[in-house]
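The data blocks that follow each hold one structure.
Next come two complexes, and both contain chain A; in the first it sits with chain B, in the second with chain C.
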Partner chain A sequence: MNLTDLVTILPLAVLAVWATLLLLVDLWIPKDRKGITAVLAALGLALAMGLSLTRGQQPQQAFGGMVIVDGFAIFLDMIFLVSGLLSIALAHDYLKRMNLARGEYYALLLYAISGMILMTYAYDLIIVFLALELLSIPLYILSGFIRLNSRSEEAALKYFLLGAFSSGLVLYGVALIFGATARTDLPGILAAVQQASANPAMLLVGGALLLVGFSFKSAIVPFHEWVPDVYQGAPSSVTAFMSVGAKAAGFAALMRVFVTAFPTLSADFTPVLWGLSALTMIVGNVIALAQTNLKRLLAYSSIAQAGYLMMAFVPYAQGMVLSDTIAAMLFFLVGYMFTTLGAWAVVIAVEKAEGKGLEMTDYAGLGRRHPWLAAAMTLFMLSFIGVPPTLGFWGKFYLFRTAVEGGFTTLALLGLLASIFSAFYYFRVVVMMFMQTGKAEARRDPWLALTLGITSLGVIGFGLLPGSLLNLALQAVLKLL
Partner chain B sequence: MTINPLVLLTFFPLAGALLVVFLPAENRKTLRWTALGTSLVTFALSLWALSLYRVGEASMQLVINQPWFKIGSSQVSFIMGVDGISILLVLLTTFLTPISILSTWSAVQEHVKGFMLLFLLLESGMLGVFLALDLALFYIFWEFTLIPMIFLIGIWGGENKVYAAVKFFLFTMVGSVLMLLAILFLGLQAGTFSWMELAANRGLFAAAQIVLFLAFGVAFAIKVPMWPLHTWLPDAHVEAPTAGSVILAGVLLKMGAYGFLRFNLSLFPQATVQLAPWMAVLAIIGILYGAAVSYAQKDMKKLVAYSSVSHLGFVMLGIFALNFQGMSGAVLQMVNHGISTGALFLIVGMLYERRHTRALAEFGGVWKSMPVLGGIAMVVMLSSAGLPGLNGFVGEFTILLGAFGAKALGSPWFAGFATLGVILAAVYLLYWFEKVFFGAIHKEENRVLRDLNFREIITLTPLLIVIFWIGLYPKPFFNLINPGVEQLAALIQSAAVALH
Partner chain C sequence: MIPIDYFVGLSVLMFVVGIAGVLLRRNALVVFMSLELILNAANLLFVAFAAYYELLAGQLFVFFVMTVAAAEVAVGLALIVEIFRAKKSIDVDQMSSMKG
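This part shows the complex of A and B:
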């Protein structure tokens, strides 16, 4: 290790150190003034963001090829950092209201983001595993942050058990791949396969185990069973962050590993990925229809959205469309981030203590009493459905188009049908807010309002000018290859 | 840089809507006058656009064309323009919107702010639909009209409003998705979403014409609505507030018929020629079915709603006669239907405001207490029934003339059956009029009904003027319509020749 290595991963290093210092500094911050901790955490994220953006755009390896920092990584890091900032804005008032204001919350959030950033840097399976643990463990704790609440404890335990299980699968997969190729670095694995020195069966099983492990993280059907319970039990501000960050990190890892190391296995994997994508879209959307609790509805909706994302992954070995499909995935993730965080911000505004205010009927009449809030929620629901000119529309559009380019027209059509179907339940929320009478009440908080403003602006602004965002995503991709 | 009148026209209501957002919700009067003022200025802007429009030229006029963004290598542009097919529909939109807003003065008392906001948004969306000449832009406006309308029905509607709003949403959504697929296919195939360039390069997608025609056609047929995709319409109309019904019948339905003319006929002429008889059969079924069901209604709004199905059947028959007379009659009939049915809905709304019922059985002898409304309603009813001298006759007669001699349909029987529809229309409309206005007063409430006030007369007068104007001197309207339609008819003609 030398200085250049550290400079290469500077944003990550700064963030991790900042989180540790924050834990210490927090000891001297009085219990009723945890807002200071929140501001400090946000400063740390902003600093990491600045460092990421100012570093050179050239791909750079460090630590003997174990990490790589390139456009792909930086683009995803921006997603993590922005969603981190937004979820701090979401959390501050919520935690106070729910009696959860503790400084560790923000430190843990920063650790989780460090793990996600490390995941995007990973160029070696060992680092992939390290990042997976670094991002998961803080999230387990955060899920159980409502201590003594049985739902939250259930969520933490469930998440931890299944997370540990999936980490085990990933680790076993890494071991098998090492056994097959004697390498753990991603280019090295590919080289070993190309020189035909690898054991094909072992490699395939190893790859499959990695896929299963990350499918747990990204909530791909049939590895999604934990999602509704955890999303419902965890504090809403955590769920908001988790449903963006953890999912994106899972996809980042899959993309990096499979594109760099396993393009030769595509004949075996493509049908499986096709099936997973189709299954996730169908199951997520169908079960979402039966939900009456907003948290569970958004949980199943996030599963369905993961199914659309998976679509980008299906043609991962086709060099011709690869850059398009990665760009489509990155673009979709940005839309997903804005839409999801916005929708969760509304949920947080309406939620009351002790898990009240989360049923669909609690939203009746919201349009009368809080027209801006209800209008924002409508915008996010439309973006989830994919109605133009929202960002969600363009995200789906680019995804479906690359699926067609890759020769998976049936899958794209399936996605389209699933989207139409999803209109049923997303629209129910809108109907409830505007067309039913009720006494919905919501919290007014400037930070929440700011979050809603930024996310709405993102959904509409980028929706009207999708070209600029797509160009950014395309640039990010070119540097990956 | 000069400002394009069409862009100004389209986005002016949006600016008014923004203004409404910042007005206090309690001040209903200001809100109403702001909305009315905005829509009147928009009307003035559309007259300005008309004054710049060179009558007698077939080409697109007042065109603005700015590159917007790219989808892959296909260019999406901001293109707007008017020709003979769209200019009257634009005027119809800007004409009906202030009238509808005026009709809400006493009818809409709750959430006036939201209502006016949505109404102005809706106007922007509708104008965009008629003016957009880039398929992607068109689609955005098309979807955009959907959202305000759903809320207008779902919030200010009657008892079953949620059911009607959701049904309306789902029907239109399914149609839109098919159209979106077709638009994307066209755009990615041709490298452009511009209507002009696509129309110039029809050869690129000649092989897929039938499929594309159907994909666009389903979306438009749902909107028109053509039998058997019409089932959302009676629900939406019955539940919608009066102003919503006026705009729905007056303008939104025209978007479907306009879509057929603008996109299906000009982009897929050969598929149009091949499918014309089938479309005409559906149109005829719509005419007769709508008329028959209309006669059986006990609710006045449902009666008018089904009469729309019947009248729009005439429009579709005119379009798919595929000759000059049929199509120009169809365009004029779109305007006529907007005026007459809009007026009918206003009249029903005025009765409803007084009695809070729309059941036919509740009325009778209303002429005695409301002679002014009775007189106006008679003119409107006769115009809708197609009495010579009033606007409905001119449109229907031209359509029937076109359908009778249509080579594309191959049989005069189409016109024959449609004529039966004219008679049926007279039957159900006279039946409605007789039930409401004539006979003895058998409900005490009807004896003391207040006749129209000044505002209500102002609301209906412009419509009456247009009814007589088109009925007695339709030439200026045909002058506007004809050049564009002539060009379209010539295109279809050459496609038919190439086919046989």
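This part shows the complex of A and C:
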């Protein structure tokens, strides 16, 4: 290790050190003034963001080719850092209200984000594994943050057991790939495969284990069983962050590994990915229809959204559409981030202590009492369905278009049908808010309002100018290939 | 020298036992032990192949894995103890307060 290595990963190093210092500084901050910790954490994220943005898009390797910092990584890092900032804004008032205001929350959040950033930098399977654990372990603790609440603890244990299981599968996959090729660096694996010095069966099983492990993390059907329970039991501010960050990190790792190391295995993997994508879209949307609890509804909705995202992986080995499909994935993730965080902000505004205020009926009459909140929720629901001109529409449009270009018209049609079908349950929320009379109560908090403003603006603003965002995504991908 | 196949065979056996333990056992602590077995199966593969290819890197990975496993144990055991205090049981099947 030398100084250039450290400079290359500076945003990540700063963030990790900042989190550790925050843990210490927090000891001197009085219990009723944890807002200071929140501001310090936000400063750390902003600093990391500035450092990431000021570096060029030129790919740079460090630590003997174990990490790489390129446009793809920086684009995703922005998603993680922005969602981190927004979820701090979401968390501050919520934690105070739920009697959870403890400083560790923010340090753990920063550690989880460092893990996600390391995941985007990873150019070696060992780093992929380390990043996976660095992002997961803080999230296990955060989902059990409501101590002595059996639902939260149950959620944490479920998440922990299944998360550790999926990391075990990933690690065994890495070990098998190491056995097959004698390499763990991604380009080295490809080189070994091309020189035909690799053991094909072991490589294939290893790749499949990686796919299964990351499917757990990103909540792909049939590895989604834990999602609704964990999303429901965990504190809502944690769920909001988790449903964006952990999912995006899983997809980032999968994309990097498959594109760089496994293009030769596409004949085996493409049909599997096709099936996973179709299954996830169908199952997620169908089960969501039966939900009456808003947190569970959003959990199944996030599963369905992962199905659309999975579509980007199906043509991953076709050089012609590859840059388009990765750009479409990045674009969709931005839309997913704004829409999801916005929808969760509304859920947090309506939620009451002890898990109350989460049923669909608690939203009856929200349109009359809090018209702005209800309008924002309607916007996010429309974006989830994919109604133009929201950002969600363009995200799906680009994903479906690249799927068709890659020759997977049936899959794109399935996605279209699933989206139309999903309108049923998203509109139920809207109908409940505007057409039913009730006594919906919501919390007024400036930070919550700010989050809602930013996310709505993102959904509409980028929705009206999708070209500029797509160009950014395409530029980010350009140097990856 | 012991042929590499024996190591791989033993490792696969450990892996399968670990998977079966996670899927079949109901006690959270036993599930947890099975998870550790999976990690150690991977460690065995790393060490065996490191010796086979004469690559030191494989041995180093094991240290990473052991560190990570220790961190996981710290969090996992804390959770299990906390839940046992509240419920006097760590049966995974009883963890079903949420439905839908």
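In this section, the second predicted complex is superposed on the first by the 481 of 481 C-alpha atoms of A that agree within 3 Å, B and C clash if a C-alpha of one lies under 4 Å from a C-alpha of the other, contacts with A are read in each partner's own complex, and residues count from 1 in each chain.
We adopt the following convention: contacts are C-beta pairs under 8 Å (C-beta built on N, C-alpha and C of every residue); 3 or more make two chains touch, one makes a residue touch a chain.
Please read all numbers here as calculations on a predicted model, not as lab measurements.
In the superposition on chain A, A:Leu416 makes contact with chain B only, while chain C stays out of contact range. Residue contacts after overlaying the shared chain place A:Arg401 against chain B, while chain C stays out of touching range.
By the document's definition of touching, neither partner reaches A:Gly65: not chain B, not chain C. Between chain B and chain C, C contacts the larger number of chain A residues.
When both complexes are overlaid on chain A, the residue A:Glu153 reaches chain C alone and has no touch with chain B.
Contacts of A:Ala164 after superposition: chain C is touched, whereas chain B is not reached. Contact with neither chain B nor chain C is seen for A:Pro222 once the two complexes are overlaid on the shared chain.
Of the two partner chains placed by the overlay, only chain B lies in contact with A:Gly367; chain C stays clear of it. When the shared chain is aligned, chain B comes close enough to touch A:Val387, but chain C does not. In the superposition on chain A, A:Val431 makes contact with chain B only, while chain C stays out of contact range.
Once both structures are placed on chain A, no chain A residue is touched by chain B and, in the other complex, by chain C.
Per the touch definition, chain C reaches chain A in the complex via residues 8, 11, 15, 18, 22, 28, 31-32, 35, 38-39, 41-43, 45-46, 48-49, 53, 55, 57-58, 61, 64-65, 68, 71-72, 75-76, 79-80, 82-83, 86-87, 92, 95, 97-98, 100. On chain A, the positions that touch chain C within their shared complex are 126, 129-130, 133, 137, 140-141, 144, 147-148, 150-151, 153-158, 160-161, 164-165, 167-169, 171-172, 174-176, 178-179, 182, 184, 228-229, 232-233, 290-293, 296.
Put simply, chain A touches chain B in their complex at residues 367-368, 371, 382, 387-389, 397, 401, 416, 419-420, 423-424, 427, 431, 434-436, 465-467. For chain B in complex with chain A, the touching residues are 68-72, 111, 114, 139-140, 143-144, 147, 151, 154-155, 161-162, 165-166, 169-170, 173-174, 177, 181, 184, 188.
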